[in-house]
């Protein structure tokens, strides 16, 4: 069991302007095969990654927003969002996508694993992780 | 004479962390062959490019600081530095290199073409240029 | 004599928009592209700065970049003109030159 | 439980240092590398922020990056420890993990 | 209007190359002349024929190639930037003893003077970067 | 201590690859084990053998190659990132119909799982990026 680690993916960049948000997601998707305890945290401009309603039809870029909604199926257990980062950007919980999660063995279900946290709590969550991937 | 344009090179990045400062200098050096009216302006972290005393002996990077001192020989007539950017970084004129300039035809000499300007003046100088290269 | 300033960075991450405003003369135009369009959003910590600039500068934002970032028309600060790439080209033509503030 | 935060961006250009301070617990270590070492300079607009962080966090700066940027020892904020790459490795070992704040 | 465009970042990592492409295309469609597209810094990486992006994403390199074919666009990769980043044509391979090339069709490698000349000859220089 | 290092930027444009190199070298010289160096995003561009930097500058690619030779370092380029950016070995050339390769010796192309595995197997993961 010592091979199960607490992974935290730290996302601080806006989507589309750079590829980091999308290539970070690709790690999360691939990482699902490794059965770790996986959380994502969105802070600073990273909170923009979860805003619903993205439309790339006129920019000819791949719209990867739908992928976030499926993360529950890829073993992601928590998606934390920094409250202060949201507020500075004029955003609220209503602007964000919801991500459902289900444990197929225990049939435990969670409607939405996206959770808004205070900065102190965010800091603690990162400190309690064993690996922080930065993008 | 309509082929003589007023060129302004706008430098807003610190040296070494990225290559922009150095590759910007390379354009200035090559551009000397084209006999334009050339000025450089340093604002925001770009002012760090002119701080004297750089020592790359322990970082194994090319030290391109000496090149700035030779710019007078490459047809650069003015090197402007934004005063507010200096102040925010705890720097003063004494921290900056000096760059001499000489007109070999008229024998006009200038001891130092590095000039500290206010933000308003910097804005005007850029507005009066015909091409602004951004790095 | 008027210039177009392009800004492609989020105002929450980098100081490009602030710098472009500071170094642009009254009468200039500022065009937000890429992550720069976050500066066009209502209700953010950058709104006052943008509105201040709009008193004597014209501010534009690129439509396809707003759309990709889910910034609908009703979230865009009033007075900011939303344009497409053809409009971007027209702006370049209408101004004396373009300065990229990256 | 203590973490090492690396910061490689100038505090005047990007908010990485500010964010690293905000999201680090008391007892954490912050290591400035690359353009991040500008945060170690005395007399700048970022000095108060850095000194504030130093009340309950340890701050380090990488020597070779200070040297390249002409930041001599007497310009470094007192209390910031200047280390080389071997010291960087030791810090990584001494802390539970490393978080890169780019 | 006679335009030149400078591209400072490579494909995919930053949006700069996308923006530059859409802008250049829009200018050409409006009938403006594009004197030159100059690829500098990591921008030279737009000129490799070795990319294979995912099928559901845009092909940044091929888009430039097709635009150049359609409008006879002059696309120049800076030689100094290309050497640092491993962008090679036949001539560069020979000069630097490289056993392969990776340049895409329609691109050519040349000196920084081509950027300065573009700035002189064009009514506007538009820069896209990070 | 068992370390892994992640490099997110290409050579020269950003200092990240320099920092990662000096850090990795220092760790090896202190006797630590480096489980893997994983190159992601533009970091894959560190693995091209086609660069020819100026004679008075460091050779970022060759430095990595020499370090790997000396310490038998496992240097992995992410395949998805490499495909987007035109970094190709023999296998990739065959799979994607490319007529050339540009990978440098000592590097290998593999999947993102190698990064996740490195994070699991190592005591520390150290990330260098922009």
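A, B, C, D, E and F are the chain letters, set down in written order, and residue numbers restart from 1 in every chain.
Here is the rule we use: contacts are C-beta pairs under 8 Å (C-beta built on N, C-alpha and C of every residue); 3 or more make two chains touch, one makes a residue touch a chain.
All values derive from a computational prediction rather than experimental measurement.
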Touching both chain A and chain E (chains) = C, F
Query = How would the chain E/chain F interface be labelled, same or different, where same requires over half of its residue numbers to be shared?
reply = same
Ask   = Cα superposition of chain C onto chain D: how big is the rotation, rounded to the nearest 5°?
value = 180
Query = Of all chains present, which has the mean Cα position farthest from that of chain D?
reply = E
Inter-chain centre distance, chain B versus chain C - centres from mean C-alpha coordinates, in Å = 27
Ask   = If you average the CA atoms of chain D and of chain F, how many Å lie between those two points?
value = 26
Ask   = What whole-number Å value describes the gap between the mean CA coordinates of chain C and chain F?
value = 38
Request  = Enumerate the residues of chain F that touch no fewer than two other chains.
outcome  = 8, 12-13, 15, 22, 41, 54, 80, 84, 125, 127, 129-130
Remark   = Touching at least 2 other chains, the residues of chain D are 8, 12-13, 15, 34-35, 64, 84, 97-98, 100, 102
Message = Could you pull out the residues of chain A that touch at least 2 other chains?
response = 16-19, 44, 59, 61, 131, 134
Key: Which chain pairs touch, all of them   = A-C, A-D, A-E, A-F, B-C, B-D, B-E, B-F, C-D, C-E, D-F, E-F
Inquiry  = Using the touch definition from the top, list the residues of chain A that touch chain D in their complex.
reply    = 10, 12, 43-44, 119, 122-124, 126-132, 134
Task = Write out the stretch or stretches of chain A touching chain F in their complex.
result = 3, 5, 7, 19-20, 23, 26-27, 30-31, 33-34, 36, 131, 133-135
Key: chain D partner contacts - residues on chain F that touch it in the complex   = 1, 3, 8, 15-16, 19, 22-23, 25-27, 29-30, 32, 124-130
Task = Provide the residue numbers of chain D that touch chain A in the complex, in ascending order.
result = 1, 3, 15, 19, 22-25, 28, 96-102
Key: Contacting residues of chain D [partner chain F, same complex]   = 6, 8, 33-35, 64, 84-86, 88-90, 92-93, 97-98, 100, 102
